[in-house]
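All chains are identified by letter, namely A, B, C and D, in their written order; residue positions are counted from 1 within each chain.
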Amino acid sequence: MNTRQSAGTAEATRTTYREALREGLREALRQDDRVFLMGEDVGRYGGCFGVSLGLLEEFGPDRIRDTPLSESAFVGAGIGAALGGMRPVVEIMTVNFSLLALDQIMNNAATLLHMSGGQLNVPIVIRMTTGAGRQLAAQHSHSLEGWYAHIPGIRVLTPATLDDARHMLAAALADPDPVLLFEHGSLYNAEGVLDGTIDAVGLDSASVRRPGTDVSVITYGGSLPKALAAAETLAEDGISAEVVDLRSLRPLDDATVLESVARTHRAVIVDEGWRSGSISAEVMARITEQSFYELDAPLRRVCSQEVPMPYARQLEEAALPQPASIVAAARKAVA
Amino acid sequence: MSTTTKRASGPKRAGGSRRPSGPPADEPRPGRDHRLEVLRQMLLIRRFEERCVELYSAAEIRGFVHLYIGEEAVAVGVGQALREEDAVVSTYREHGHALARGVPSDAVMAEMFGKVTGCSRGRGGSMHLFDAERRFYGGNAIVAGGLPLAAGLALADRMRGTERVTCCFFGDGAYAEGEFHETANLAALWQLPLLLVCENNLYAMGTSLAREHAQTNLAMRAASYGMPAWTVDGMDVTAVEAVARRAADSVRSGGGPHFLEARTYRFRAHSMYDPDRYRSKDEIARWKARDPLVELEQRMRAEGILDDPATKRLEEDVTSEIDAAVRSAGAAPYEPVADLLRFVTSTTGSTR
Amino acid sequence: MNTRQSAGTAEATRTTYREALREGLREALRQDDRVFLMGEDVGRYGGCFGVSLGLLEEFGPDRIRDTPLSESAFVGAGIGAALGGMRPVVEIMTVNFSLLALDQIMNNAATLLHMSGGQLNVPIVIRMTTGAGRQLAAQHSHSLEGWYAHIPGIRVLTPATLDDARHMLAAALADPDPVLLFEHGSLYNAEGVLDGTIDAVGLDSASVRRPGTDVSVITYGGSLPKALAAAETLAEDGISAEVVDLRSLRPLDDATVLESVARTHRAVIVDEGWRSGSISAEVMARITEQSFYELDAPLRRVCSQEVPMPYARQLEEAALPQPASIVAAARKAVA
Amino acid sequence: MSTTTKRASGPKRAGGSRRPSGPPADEPRPGRDHRLEVLRQMLLIRRFEERCVELYSAAEIRGFVHLYIGEEAVAVGVGQALREEDAVVSTYREHGHALARGVPSDAVMAEMFGKVTGCSRGRGGSMHLFDAERRFYGGNAIVAGGLPLAAGLALADRMRGTERVTCCFFGDGAYAEGEFHETANLAALWQLPLLLVCENNLYAMGTSLAREHAQTNLAMRAASYGMPAWTVDGMDVTAVEAVARRAADSVRSGGGPHFLEARTYRFRAHSMYDPDRYRSKDEIARWKARDPLVELEQRMRAEGILDDPATKRLEEDVTSEIDAAVRSAGAAPYEPVADLLRFVTSTTGSTR
């Protein structure tokens, strides 16, 4: 189950991805005083991408906690605080900086429950910005969420819609284990209408964002709008593409993917990660292992080129999956 | 955690090093029962680990095992200053910390045997002892990896307004890691109720203090973060306890983080695999002459609160505790392989 | 080309994997005074697994350089020294600790050449121990080499044989870019005969270690001996398994893999990494993309269970690929 | 790198902060040509960045851009103390460092335009300027990420027995990162020829010094690693130069690493996206009153070595240099998309 409808009547509200995230944070902070937000410049600055703007004024510096530049220490402190009964939401500005905290994430957060024989669960949520598209070059633009999904013991979430931006945090905080939440930088300004009837989303299942019959386009995060745009174009050509939003990269919802492939018998995986060793390889492996005889054509994937993200616009655009490249791959798949 | 009734002597000179800079120890001298309990704990750790060596040779224990022998005064002295509600974060050299914290010796032994009755169900082994009930948070084998975690436990207490202390043990080697720096600053900045105990045993594996640190006065450097920092003779359990009490009391009453450098020495090699090529026999002998157990025993005898029969009783007591631990560990079951994927996440169901 | 034969006659020598690595280091240090070895306890201690024992005495503390516990700084210093004209070999004790240096590895070593528009190549070699099998539990046992292979700009090598242990370092040092060299902990004591006629190995190609016709078993590193053992067992059943040693995980030698699959039409990938997002998924993706119509059966993989490595022997054994599980997978593939 | 001929005044009081603790600056006072060159460099940086703001508004420049305006005295003062054979490692706020190092302004401008004639072929942008020939090693946008690298460059020099200095610029925020701690210790331990220049502009993005560091005397803390550490008024280019020369000379002659804290201030927001909500107008005004360019000009006028015509010539000179840079950047080609995969590895052929 992906969503829970609210009982009362609710109106659809216009909002942005950024505001939806902020509302999710505000709600969590209001509902549970164990929740606090911690990270570089989340307070007075309002968050490097403005997500937490205004929260300091509402909740004070104890719960909207600016940290020094010390990714390893404040992520580790979040883990410790979670062990100590709090429900920390830790913000890392950008996924590239999270490498500085990877020891804490993998060797502690993901591992403590198991190492302790089930004694110590770590209810921490770690949010970070991911992805390219804003000419921020090779140290601010990578998409490592698929890479993180390799680590047992954590959840990896990639909200791509306003509703997921608004509600995934609550579900993540309700989870007893570490959750990594990746916000694609190019989505912050995305505007749209929030479905007022949804008041909760699940974390376990992928979602078909556009039904189709000829080819499955499987994607997540910042690539979802591109996949949907590609599906529009394909529709003009009479090709019916089904767009699947994975939503969670760990655990992966095989069932929804395989059901889609069982309908279409063809699939293209779209993923902003570098191609080799990407989560799209894993999706292909799952399909090959479990639905080999359903396939009518080789699986295809559209990924980022294997290059540190260049600054120049034309190079960055060429390095990333684009609607045109998705369309081309889908055409080949159905050819 | 008995009460203290007599005067403790001040910290003594650490072997071959500068005069420690701890505060004057003018606490009341501990009473006989307390002294005996301290001695018993130290002896338990010593004998427990000696038994581990035998069991390692017999292949009952495997993996990496790091012995604490020689350093017992630190864990036990500091342990006396902590209360039940406090938390302890430790390293891979943590048998002593765990036992001093009250983790039952049979659960520790079973853990080393890899049995399901172990304090981590056999999933952790020697380097990863845990006991949530006693707030013993491991057992971290990434050098310095426990420091940020300890700061977080202290932060939770700070935010919830409790009076608990989190005590984090780490080594002189860990001090060189970035995580030490980040944690020290964070703790001082946020005035966290954190007791940082640096066990300076002069070596990080085979690398001596002077080849790890340009400036080897660790307490002085710690003070530069803006927190009280004292050095204590880590071979003198009475001195350690006195300083740790003072520090813990100050932390508890809102004094922010405190740093203790305990000058100590491991009598054995770094781990079971270490041929110990990097230390001179002389140096080892000099430190062994300051055996913390012997020093305490001698003091107690001089004070007239220990005699041969009492020593014998203690030894027997400890030996039978360890015998029982070994027996029960040996008899305990292994976890069934079918349970391998438990505890990866808290919820059952798909984990990947 | 994987190997270069020496001109003269050379004798086969008995040695171990550890000694072969040491000989490689010794040779490099003798031949090029820009080469030096740096890491925790590489000198007086002799290396945490004894690889560099005796080198301090031969080359002195400047070139066999003990470092403080500071993975990020000494890996970064290696990168800087490489930029400054040296040829550093940096040792990280165990792959789990390398997470502390990952920022330097990904954001600097792998990226500088590109970010600088081709000006700054980084000729560093970073060696580390990987893998499980010695009951070292969850912070000393992981196999992250496949994970590292996701990063563009570096090479990832996994010497599995004595000859590769002996000669890969020289080839790595000759490469102008960063090379990560993963030594599987369970191989150090492996004994055997060094082929005295080989005096160089290449880095670009995989190697067929045992020819076969019914199924390709594709593997690398510490799993190679297990795959070879499985092939023996299969042979007793009349199943002819071809064992391919990838040798390099980045770049991946597709050609050798695809040629093997073209011969056998069936493949099992064996990989000590956690299953989801493993390098075996990438191998499967490459085969599916390029040789879909060659396949007579679904691809299979034998990986580590997705669990932080437990200490207890029976659990650790169950968590790892074993000859029996490889045999079972191969039987299914040919069924 | 002209010769100095007159006496420089000692470091001055940094705005609103404690008395800097640099050594007495008894170097000869620089001559007119030298002063003019220093002023020209500072002016070039100032006007160059002002033009960048315009070009950013015009969308000719994209990505993150961090301005150095207000801090010019640091890059230029330190730059004077460095020789051609030395190396510089910098941050994402590095236009000033690059220009002071002699990276041609047209190559820097073309880089910001993303053109193939840029000093990083358009692959780096504002945050990643590189010039191997001038030993300018970036342009690192991971805060503190350049520090270990700089130590490595210095190590290479040390091992090869050259007399070169590596200078690493970084901020007060970077100081809190673990990589600072590890690098400082490593450099002091190995006595590396490293000049650490901490540009303390009182903020890390929106976080003020006192909310980043428990103990804000950065130089004092750096000294605790065992290296000389001085504070200098970063708004006074003469003072910066004097202290930097003294430090660089000492480093060069085998004195091991030195640490300089330059007290400075950025007049603009952190980046183009920053609404600068966290600093008071007052505070900014107070610091702007100490504009390093104005201070130098006034001093030169007082000394009688600068007059209106000379100022005008300088301005024209700098403006035409920037005009030319903008023109050539605008006219230069973009790198063809077909070359996207170049420079991932040095060798052609398969990269994955």
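The rule is simple: a contact is a pair of C-beta atoms (placed from the backbone, for glycine too) under 8 Å apart; a residue touches a chain by one contact, two chains touch by 3 or more.
As the structure is a computational prediction, the values presented were derived from the model and not from experiment.
Colleague: Please work out which of B-C and A-B is bridged by more C-beta pairs in contact, and write that pair.
Modeller: When the contacts at B-C and A-B are counted, A-B has more.
Colleague: Which chain's C-alpha centroid is most distant from that of chain A?
Modeller: Here the answer is chain B, farthest from chain A.
Colleague: Counting in whole Å, what is the centre-to-centre distance of chain B and chain C, each centre being its mean C-alpha position?
Modeller: 37
Colleague: Can you compute the centre-to-centre distance for chain C and chain D, using the mean CA position of each chain? Integer Å is fine.
Modeller: A distance of 41 Å separates the two centres.
Colleague: I'd like the Å distance between the centres of chain A and chain C, where a centre is the mean of that chain's Cα atoms.
Modeller: Using C-alpha averages as centres, the distance is 31 Å.
Colleague: By the touch rule stated above, which residues of chain D touch at least two different other chains?
Modeller: 120, 122-124, 128, 140, 142, 145, 176-179, 182, 185, 189, 211-213, 344, 351-352
Colleague: Any chance you could list the residues of chain C touching two or more other chains?
Modeller: Where chain C meets two or more other chains at a single residue, that happens at 68, 70, 72-73, 96-97, 100, 103, 107, 114-115, 137-139, 152-153, 250, 252, 276, 306-308, 310.
Colleague: In their complex, what parts of chain A are in touch with chain B?
Modeller: Counting only chain A, the residues touching chain B are 36, 62, 67-68, 70, 72-86, 88, 103-104, 107-108, 112-121, 152-153, 155, 175-177, 204, 250-252.
Colleague: List the residues on chain D that touch chain A in their complex, please.
Modeller: That would be residues 62-64, 114-115, 120, 122-125, 127-128, 140-145, 173-174, 176-178, 204-207, 211-213, 274, 277-278, 334-335, 337, 340-341, 344, 351-352 of chain D.
Colleague: Residue numbers of chain B touching chain D in their complex, please.
Modeller: 176-182, 185, 188-189, 211-215, 220-221, 224-227
Colleague: Write out the stretch or stretches of chain B touching chain A in their complex.
Modeller: Interface residues on chain B, with respect to chain A: 87, 89, 118-124, 128, 130-132, 137-140, 142, 145, 147-157, 159-160, 166, 178-179, 182-183, 185-186, 189, 342-347, 349-352.
Colleague: Under the touch definition given earlier, write down the residues of chain A that touch chain C in their complex.
Modeller: 72, 96-97, 99-100, 102-103, 106-107, 110-111, 114-115, 137-139, 146-147, 149-153, 250, 252, 273-274, 276-282, 284-285, 288-290, 292-293, 295, 297-301, 306-308, 310
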